[in-house]
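The next part holds the structures, each set out as structure tokens.
Same chain, two partners: chain A is paired with chain B first, then with chain C.
Coming up: the complex of A and B.
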């Protein structure tokens, strides 16, 4: 574990501070080393005993004659610190971060050596949420250092800035803010850093805590940051000029500012040919609209506007509904709820059991409820299709939001039909128009309309067309490439 | 908080929305109007499907009479288990007897109802409308779409000109135009379009017979599908029309001479006796057909002038081409106006030969 000298961003909680100031931590093991009058202090579970014995103690033994200041200067360790007049607070802090404190009883001053135990971190796994068929298959794990390594490996440039902030009054979680100095808009960087630094909360256990705390509109159900487990996606966003942050203990990196269309772009899209990627993206957009509006439209047409039903469907729809005792709204809500229950049950259960629940539940409950005359089979098809469609959204946070938005729409359409559905749509759109991500418009390439950014929005055009970074990010360096001339592919200069 | 309260109060308004849940309404597909035996009363017939299960459903009809169509609707509502819903209406039929006395009085409420579409079809029946609606023509009309599909397919793929509620209202409300509607008659197992009913405003004044429907269509609109049966002493045959273009021009102002030019492109699909592959023969056939077309068209226009009606909308064309159009003067002169009809016929194909 690397030792980070962090920026002190935390406005400390006075109560906590006082307590920490008065006493030394009781977990700290203070003992004589047996070498001249050196004594050491550390927490056993934090430091590497082996390194302490083999390296630190041996060096002390070999250089017994040195004073403590001289010892500090000569110690062959990278992470060593010197305090002239250490107070209890500093000592606590240093030791809790994995340092060994060394003090010569006869002289003042204290030296700290960081020899934290190599943690048993999870190995680098295959991404599970954002799996891609083609492309790299590395995902972040819980270790901030590993995650940074995964990014730095892909971005060997000095422009990459990594700034550390410590957040969480008690957990003192380390957060690394990343951006490319020569590309990223400084305003974006400053906004993110300021927001992160402003957090006063007891515990930060995952980056999703932070996302929820720094979102522009915390009342909105639409996510305003993208969290990803793919290091390549973070790197791509950095190069585009976005700002990212990684959190100690979280296998998800977060980046922003984002626009709503990015939530429907799987990172897979960049690995496939642009025709196919564009088709997939359009399909996903269609799926979103279908998922939100299919059931409400069914409800409102059946309840208020039967004249809209095509002649050929009239008999099918009517007969499918004849035995059903509920009004269409309740019927639809009942089915939607069933599907949500299935999803939730599947998500809570262990993987293998979960799969069975999904299949068995879907088929058995669906068929049975149609046969029992509780729901119409047409609605069953619509509801299950729209549930399926909602799962196509690549970002988990967004797909949840879409599934949630559907419910008020269904209820609204049960009130006034298409009229209230239009009203609901208006409310969603006006909400989205007002939404920002890190202060940048959320609906960006659509509104405000930035036509040049459409090359990588609803569709993904080939790489050679995308010569510039998205305008909406206001980046410093606009050009993505300057070398692409119109020439034959095999022609060399 | 205020906003939320306002929203909540809006939700209370939902009781004001009229619910018409699909399976709780009587979906009227066809309406028929007849003269009732009592004076001043009309008889209305509705035709609606009843669904038995997913595979089987059948049409049921109900009749009631009253002085207005609203009254009929109320009467019928008192007989049905579910409220009458008129939004899926596709055809309105009038019996010839009623049509001769005028149909606008009946149509007016339907015309004002926003739930009734303008793309639905109207028809005049030779027999009573009830008689026509009471049969399901060996399951042909089991879904209630028979009449509308009958008219629609004939308009799209055959000789019937494009006529629906909209064109009727357009012609009715235009200053110098009169409506035309399909004229239907019940045969043994089917309903047949036996011609066109021509109107003077909303009163039926006569018919155009089956053979002349196509001629009327060429004079009435541009179209791309139709067929013309021609015959003389030596031969008979059939011309399939591929394209027909209509042009109405004033030749002598004011309102003295009008020329209707029709460009017809066609294909000879049936021909007896002579070898139709020979270009010379084709030329001569072209001449014969052209003559026949022109002769028939003249007959039609003369008939219209005699009745003092204008189903072709010539008046509308004249108005659009005349600055300072004087409606009264035009109407006075209409019957004496010289309406010339010229056909340009081109036979492009005569099928595979030799």
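Coming up: the complex of A and C.
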């Protein structure tokens, strides 16, 4: 882990503060080194014993004649610190971050060397949630250091700013805020930093804690940040002019501001040809609407407006429903709930068992309930299709939100059919209109309508068309591409 | 309470302002309302096959009024409440602005009640008035508290989501007879005037401009878009009028309450029959923006006159919107309500605003 001397932007918990100030941590092992009158203090589980013995102690032995200040100057270590008159708080803090404290009994100064144990971090794996057939297959892991490396090696530019903040009164989690100095809008950066620094909470164990604490509208079910496990996605967002942050211990980077359409863009889209990518995106958008509105429309048409359906189709629908004892709303809610149960059970169980549950639930329960006359098979088809459609959303948070939105819509359609459904649609739209992400409008390229940003929204046009960064982000450097000369017929380069 | 608030030009935060182009959606969204479902019958009473001419004249009249509004607002800055204060002084401006606020609220009630009537006639005969009005009132309350940018967004979405309904007029025009439009211009001037007066009810809505003018960035640029908006309204009304006139014979037309709904009956797609259910449902969206703008303008007026927070005043105002429609129970009452509002709207637009315009010519403009 990287050793930080971070600015203390966070207010500390006063109770914790006082306790830490008074005493030295009891876990610290203080002992004589046996070399002149040097004594050392460290926590055994945190530091590398091997380095301590082989490097630190050997150096002390070879330079016994030096005073402690001279020793500090000559020690061949990068991460070393000197305190003239250390109080207990500083000592605790330094040692808890993986330092060894060295002190000559005769003098008051203390020197610290950071030789933390090389952690047994997970190696860099293939992204599992955002897997792509083509394209890089590196995903973040839990080490902030590694994650920063993954980003920095893709962005070897001095414009990349990394700022560290320490959040969490007890966990003291390190958070790195990243942005490109010459592109990102300063207001966005400031907003993010201010919100992060304002957090006062005991423990921050994952970036999703932070997301939930800094969202613009904490009451909304729609996510207002995107978290991704792909370093390339973070890099792409940085280059677009967004701000990102990484959290120690979290395998997900987070970026913002985002607009709702980005939640339906898989990063795959940039690796495939633009025709295919556009088709996929449109398909996903359609899937969202289908997923939210298919069941409610079925319910309202069957309950209130059967006249809407042409004769041939109507007979099919009525035969499938003749023996069903429940009103369509209840039937739909029951089936939706079943599907949610299956999903939840599949998610909680280990992969192999989960698959079995899917098959048992999907086939056995589905067929049985139709045969028992509890549900109509048409509704079963619609419900499972809309569940399937909700899984096409590439961002997990968003697909959850969409599944949740479906329930109020089904209940609404039970009131006055299409009429209340139209009002429900307006309810969703008005809610989305009011949302912001880091203060920028959430529905951005749609409303406020910015036509030039549509090149990479519903569809993805070829790269050479996308000469400019999205306007909605109000970036400093608008141009993405310096020139692209189109050859005329029979002209060659 | 600060009765002097309207003395000062309105202060609107930059972030709450909208781009001038969006005025297009606000104008068209507020103008087209429930009226389009039945207005043709009312003007056809007087001028029959020449109704389209009245629609055209009404549209041109609206352009004239919009031009007057913009010249008043541009010259004196601020909004109508500030202008009242400048022209008539403090004590006269308070009742005038309050009347305006009531008028805005009144239009919302008329629109909502008329729409609920259409629903009761065509979709759910037994539905109690208060249930639907409760739904609309709550949704309106929610949207108004989100601020003017969101309201504009609703206007934008209501246009985008419903503009395709215009194309359903293809079916009645296909089945209609052009001969129904003959002979051209065959009525007296007095009849035209009466029809014109009735037509105003369908065109009102752009007068919210007097209230939201300060919310526009660079409002001088917005005039163009307001004109485009009302021109589009006129075109949509023209299409509706022509298709209705072509499809129904004059006598048949007089026997219908909602000619447009009747037309939708013949709209068929391979997968949908009885299109009017879909049509009415989508009209919810059209109605909503009418209500939202009217309620917002009404609350904004209260804010400007009495310095009451919109967040606060919107609650009683939408409570009125919820309760009022239930008091009009019969078809006759709803008709009367519409008539009166139409008359008030007519005098407001064609008498009061020209009056303000004349005063503004002689008054000195606001300092830059």
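Quick notes
Note that the second predicted complex is superposed on the first by the 487 of 493 C-alpha atoms of A that agree within 3 Å, B and C clash if a C-alpha of one lies under 4 Å from a C-alpha of the other, contacts with A are read in each partner's own complex, and residues count from 1 in each chain.
Methods note: a contact is a pair of C-beta atoms (placed from the backbone, for glycine too) under 8 Å apart; a residue touches a chain by one contact, two chains touch by 3 or more.
Worth saying up front: this structure is predicted, and the values here are computed from it rather than measured.
After superposition onto chain A, partners chain B and chain C are found to clash with each other. Contacts of A:448 after superposition: chain C is touched, whereas chain B is not reached. Of the two partner chains placed by superposition, only chain B is touched by A:328; chain C is not. Legend: residue contacts after superposition of the two complexes on their common chain; A:307 is shown touching both chain B and chain C. Of the two partner chains placed by the overlay, only chain B lies in contact with A:319; chain C stays clear of it. Contacts of A:416 after superposition on the shared chain: both chain B and chain C are touched.
According to the touch criterion, the shared surface of chain A, contacted by chain B in one complex and chain C in the other, consists of residues 304-305, 307, 309, 416-417, 419-420. Per the touch definition, chain A reaches chain C in the complex via residues 304-305, 307-310, 313, 416-423, 425-427, 429-430, 433-434, 441, 443, 447-449.
By the touch rule above, chain A contacts chain B in their complex via residues 302-307, 309, 311, 314-322, 324, 327-328, 414-417, 419-420. On chain B, the positions that touch chain A within their shared complex are 11, 13-14, 17-23, 25, 27, 49, 51, 53-54, 57, 85, 87-88, 90, 115, 117, 143, 145. Residues 18-19, 21-22, 119, 123-124, 127, 132, 135-136, 139, 142-143, 146-147, 149-150, 153-154, 156-158, 161, 270-274, 277-278, 280-282, 284-285, 288 of chain C touch chain A in their complex.
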